[in-house]
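Shared chain: chain A. Partners: chain B in the first complex, chain C in the second.
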Partner chain A sequence: MENRPLEYDYTVAKMFMLTTVLLGIVGMLIGVILAFQLAFPELNLVLGEGLAEYTNFSRLRPLHTDAVIFGFTLSGIFATWYYVGQRVLKVSMAESGLLMFLGKLHFWLYLAVVVAVVVSLFTGVTTSKEYAEFEWPIDIAVVVVWVVFGLSIFGLIGIRREKSLYISVWYYIATFLGIAMLYLFNNMEIPTMLAASPAGETGIGAWYHSVSMYAGTNDALVQWWYGHNAVAFGFTVPIVAMIYYFLPKESGQAIYSYKLSLLSFWGLMFVYLWAGGHHLIYSTVPDWMQTMGSIFSVILILPSWGSAINMLLTMKGEWQQVASSPLIKFMVLGSTFYMFSTLEGPIQAIKSVNAIAHFTDWIVGHVHDGVLGWVGFMIMAALYHMAPRVFKREIYSKSLMATQFWIQTLGVVLYFSSMWISGITQGMMWRAHDEFGNLAYSFIDTVTVLHPYYTIRGVGGLLYLVGFLMFAYNIYKTMSARPVEESELQSASPMGA
Partner chain B sequence: MSIAEIQAYGYFFLTLFMVLVLYGYIYHLYTKKKDADGIDYEKYGNIALDDDIGDAPVLPVSKDKEK
Partner chain C sequence: MFHWLEKHPFFFAVGVFVTIAFAGLVEILPNFAEASRPVIGTAPYSTLELAGRHVYIENSCNACHSQLIRPFKSETDRYGHYSLSGEYAYDRPFLWGSKRTGPDLMRVGNYRTTDWHENHMKDPAGVVPGSVMPAYRWMFTKNADINTAYAEQLTVAQFFSVPYNKPVPMKDGSTKVVKMGGSIAEANALALEEAKAIAANMKDQDVKDAVARGEIPQIVALIAYLNSLK
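For the complex of A and B:
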C-alpha cells in the first residue's frame, strides 16, 4: 500500500459547487426576466403567442423561486457542508468508502430531482403552494435525497476525530432536521387517482396530481408555518453555519465569543418556529396567533443580531482586512444585510405596519435585501474561499472580485430602495379614500405610478446578475490559475491581480 | 376555567419558564466558563482555525485512539 498522507476529499463539494453556480445563473436570469416583465408586460409574449404559455410571468415565477432556493441556495449549503464538515470534524471522506458513495449518490439523486422539477414546472405541473410546488412523485424523491444527506452528515460525525461539534455543525444539523420536519408536514397530500368523488367517480385527474390534506385556514397555517421556516432553515440557519466558519477562517481571527454563538443558536431555534403567523396578519387565522407571530418576530431580532454582532466583533481590530480583501468585504456586507433584513422583518410584522406592507412590493424588497445581500453574498464568499483550497490554485483575479462586489452592491441597493418606494406608495394608494369612504384610486392608477420603480428594480437585478456572471467566470478561471503551496492557504485566500 | 383561560395561563407560564431557562443558561455559561470536559468554551473557536487534517483536535474523540 502506498503511504500518501491523508487529505480531505473535496470531490462531492466540487460537484455541488458546479450546481451552485449553474443554478444560480439560471435562477437569477429568470428573476431578471420576471422583473422586466413586470415593468414591460409585452415581454410576456417575447417568443410569440404560441409559446406564451412558457414565457409568461406566472409560469416563470415558481421556476425563479425554486431555482434560487432549492437550486442555488441548497447546492451552496451542500457544497459548503461537504467542505466545512470534513474540516471541523477533522476527518476525510476518503477514509470511508461508504460516505464517499453516499456523497456521490446524494449529488446524482439531487440532480435528477432538479431536472424533474424544471420539466414539471415548465410544463405547468404544480400543487400551487408557494415554495412547495412539487407534485407527489417529486416530493417522494426529495425525501430520499434528504435522507441521503442526513446519512452523510451523521456518518461523518460518527467517524470524527474532533469530539466537540463546532458551532457550524450545529447549524447544519438544525438545517437538516428543520427542513425534514417542515417539508413532510406541509406536503401531506393525496394523489387524486386514489380519491373518490361524492358521485362515485374514481381515478380522477392525471396520475401525478394530488390535493393537499389541509384546507382553508388550516392550509394557510401549515403553509406559512412552512414558508416562514423555510426562510429560517434555508436562508438563515445554514447561512449562519457558513459565516461562523468562513469569516473566522478567512480573517484568521477566532470567533469573538463562542458562548454568544451557543446562546444565539438556542435563541434562534426556540423563537423562529413561532413567528410564522406574521405572514397571516389580518387573515382568517385566530387573532392570538397573529399577535403571537408579531411578538415572536420582534423577539427574533435578539438571536439574529446576536450572531451578526458576533461576526462584526470577530473583525475587531482587524478592519483593515475589510478594506484590503474583497472576500472579507462580501462577508461583512453579508452580515450587515442580515442585520438589516432581520430589523426590517420585525418592523413589517407589527400589525399596523403590516396593514400597509402586506401584498405590496415592500415585502418583495425585504425578501431580496435578505437573499441578495445576505444569502447570495455569503454563498459566493464561501465558494471564493473554497475555490483555492479545492483546486489548489489562487483565485484568478482580485480586481475582478472587487469590481463584482461594487456592481452587485449597487444592484442590491437599487433593488430594495425601488421596492420600498413602490411598496409604500402602493400600500398608501390602495387604502386612500375620500370623506365618504370611496377609494381614491383604482388599481391601474398604482400600476402607472409604479412603472419607473419597476424599471429601476429590473436594472438593479440585471447588475446583480452581471456580477454573478463575473463570479462564475472568476471561479472558472481559478481552475487554471497559478498553483499554490499548502502554506499559502492557512487563512487569507491567495488571489491573483 | 374556560379553555381560553387555561391556554392563556399555559402560554404565560411557558413563556416564563423559557425565559428562566434562557437566563439560567446564560448564567451557567458565563460563570462556569468551561464545559463538562473541562475545556474553556472559547477554545472551541480554534476548531475553525486549526482545521488541517494533521492539526491536533481541541478535544480528541478518544485519547487512546490517537497516537
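For the complex of A and C:
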C-alpha cells in the first residue's frame, strides 16, 4: 500500500460528465433554434400552431439560458470537482461511505431538479428574474442540492491527506459560498397560497406561485447583484478552478506565479461583487451605485487578467505544445477569450459606452464570447483530460478534436463579430436624430436592418453546436470503443508528442 | 497569513465569505427603504391587470421588451418621460428586462389601444411589417388565472401594506381607489366587470362570447395590463 499511488473513485464524476454532455447539447440546440427564430420568425411555429406556445421564442429563451448555466456549466463544475477534489486533497471518495452516498445523492437530486425546471419553464411557470426563474418549490430543492454539494466539498476537505489547499480548491469553496449567498437573497419570496381572503378562504390560486419580497428598483438591484455575480461564481470562479488544475497537468508545467494567483483570487473575491451595478446604469437605482458598478468593473480587469496571464505564462517556453496538442489549444484559447471578455465587459460598463450598448445585441455577443470561448472550451478541455483517466481508455480521436477546435473557433468568431455589428448598429440607430431634431428611425427600421447579422449569428451558433456534437461523439467513443487499460493512466497526457 | 489560511479551511471560508458579502451590504442596504416609495399617480394593479401581468411573465415578454426609459432625448422622444423609481413601487417582480429586441413598453398604454394590441398579438407582422415577434394566438382561447392574481393581491396587501381599497393620490389632485374583492367570488366579479369593458373594444367574436359567458381569456387580461402601463 505504501508505495502504490492512490486509486481514486470517479463514480460521481462520471455521472456528472454525462449530464454535462447531454445538457450541453440541449442548451446549445435550443440556442441555435432561438437564433434562427430571430432571423426567420416562421420558425416560432416549427412544430405547428397547436404547439406554438411551447416552441415560441419567449418560452424557449429562459430554457436556453438555464440549460447552459445550470445544466451544462454546473454539471461541468460538479464533474470536475468530483475529479479534481480527490486528487488535490489526496483522498479517495471510496474511503468514506458517507461521502460516496452524498455524492450520489447530489447527482440524483440535481437530476430531479433539472426535470422539474424543464417542466416548469416549458409551461410558463417562472418568476421572470433572469437565471432565477424558478418558483419557490424548486428554489427549496435547489438549496437542498447546494447544501449536499457543500457537504461533499467540506467532507472531502475534512478527511484530506494533503494539508495545504491547492488553488483550485480555493475557487471551488468560493463558488459554493458565493452562489449560496446570492441565490438565497435573490429568491426571497412569499408563496401566495399563504394568503387568506377576508371571507376566510385560504390556499387561493396556483400553489406554486409566489411574490418577490422586494419591489421595483430594489428588486432590480438585488436581481443584478445576483445576476452579475451568478456569472462571477458560475462562469468565472469555478472555471478558473479548472484551468489552475488542468493546464499544469496537461502541459507538465508548474503554475507561473503563486503570488499572482493570490492577488488574482482575493482581488476577484473583493471586486467582483461591486460590479453588479453596471447592469443598472441610467436606470432608477441611485447614481452612486451606478458609478460604483462602473468603476469596479474597470478595476476588475486586474484580477481577471492576473489569472489569465498566470495561465499564459505557465506555458512559457512550451509554446510548441499549442501546435501539437489540441487540448492545450482549447485551454490557451480559452484563457485568451477570458482576457478578451474581461476587457470587453469593463468597456461596456463605462457610462457613455453603456448608453449605446445596453439593451442591444452587443451584450448578447459579450456573454457568448465568454461562455462559448472561455467556459465551453475550458469545460470540454477538462472532460477531454479526465476521460482517459476516468474511463481508463485513450481518447478516441485526436484529429477529430483538432477539427472540432477549428470549427468551434470559427463559430465563436462569427457569433461575436455579428453581434458587435448588430448591437452597435441598433444602438446608434435608436439615438439618431434628423436635421430637425426628430428621431431618424422608427423602431422597426432598427429591427429589419439586423436580419443579416442574425443569420450570421445563427450560423456561428450552429457551427459551435456541430463541434459540441463532435465532442460528445468523441467522448462516447472513448467510453465504448477502445480496450480498457490495465490500470489508471498515470503520467503522459493523451495529447503529448 | 495566506499560507496559514490555506491550511485552515474553516477560516479560509470565513475569509472568503466576508470578502464577498461586504460589497452587497454596502450597495444594497443604504437606499433600500427610500427606493420603493411610490410617486404620486402610481396606483396598485387591479385584479385583472395583475392577471395580465402574470400572462406577460408566463410568456417572458420581458425577454425582448424593456420597461425602463433612460434619461436620453432619443428615449424620451420615443417612449415618453424617463422612468422614476417610485413608479415601480408596486412591481413585484420588476420587469425592466435587459434586451430590447422589441421596443420599450413602460408607457405603452399612452400610445397603443386595445384594438391595436388585439390585432398585433394575433399577427405581429401583419400590423408591423418586418416584425420578428411571434404570434400569441393561444391567448385568445386560454383563460387567465384570476384566482392567483387575487391571492397575490391579498399577499401584498397583507405583507407589504399595498393600499387596496384605500384612496391613493393622483397627479391631478384627485384620489383613486383600487378595489380588491373580499372573497374569491367577489374578486372574479370585479375582474369580469373590467374584462367586459376591454372586450367591448375588441373584434374577436370568440373572445366576446367567452366574456359574455363569464370567462376571461388571457388576451383580455394582458391588454388590461398593457393599457395600465402609463
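Heads up, the rule we're going with is that the second predicted complex is superposed on the first by the 465 of 497 C-alpha atoms of A that agree within 3 Å, B and C clash if a C-alpha of one lies under 4 Å from a C-alpha of the other, contacts with A are read in each partner's own complex, and residues count from 1 in each chain.
In this text, a contact is a pair of C-beta atoms (placed from the backbone, for glycine too) under 8 Å apart; a residue touches a chain by one contact, two chains touch by 3 or more.
In this text the structure is predicted, and so the values were computed from the model without any measurement.
Residue contacts after overlaying the shared chain place A:Leu262 against chain B and chain C alike. By the touch criterion defined above, A:Gly276 lies against chain C but remains apart from chain B after alignment on the C-alpha atoms of chain A. Of the two partner chains, neither chain B nor chain C is touched by A:Gly317. Within the superposed three-chain model, A:Ser164 lies in touch with chain B and with chain C [touch as defined at top].
When both complexes are overlaid on chain A, the residue A:Leu6 reaches chain B alone and has no touch with chain C. Using the contact criterion defined above for the overlaid structures, shared-chain residue A:Pro198 touches chain C, although it does not reach chain B. Once the two structures are overlaid, the count of chain A residues touched is higher for C than for its counterpart among chain B and chain C. Taken together, the two structures place residues 163-164, 262, 266, 270 of chain A in contact with chain B in one case and with chain C in the other. Contact residues of chain B toward chain A in the complex are 18, 22, 25-26, 29-30, 35, 37, 39, 41-49, 51, 53-55, 57-61, 66.
Across the complex, chain A meets chain C through its residues 37-39, 41, 44-45, 49, 52-53, 56-59, 61-62, 124-130, 154, 157, 163-165, 170, 173-174, 177-178, 181, 185, 190, 192-199, 201, 204-206, 209, 211-212, 214-223, 225, 262, 266, 269-270, 272-274, 276-277, 279, 282-286, 289, 292, 296, 355, 358-361, 363-364, 430-433, 438-439, 443-444, 447-448. Interface of chain A with chain B (complex): residues 5-8, 87-88, 90-92, 160-164, 166-168, 244-245, 248-249, 252, 254-255, 257-259, 262-263, 266-267, 270, 491. Taken in their complex, chain C has these residues touching chain A: 2-3, 6-7, 9, 12-13, 16-17, 19-24, 27-28, 31-32, 35-36, 57-64, 66, 68, 70-75, 77-78, 83-85, 87-103, 125, 128-138, 145, 147-152, 154-156, 158-160, 181-184, 186-187.
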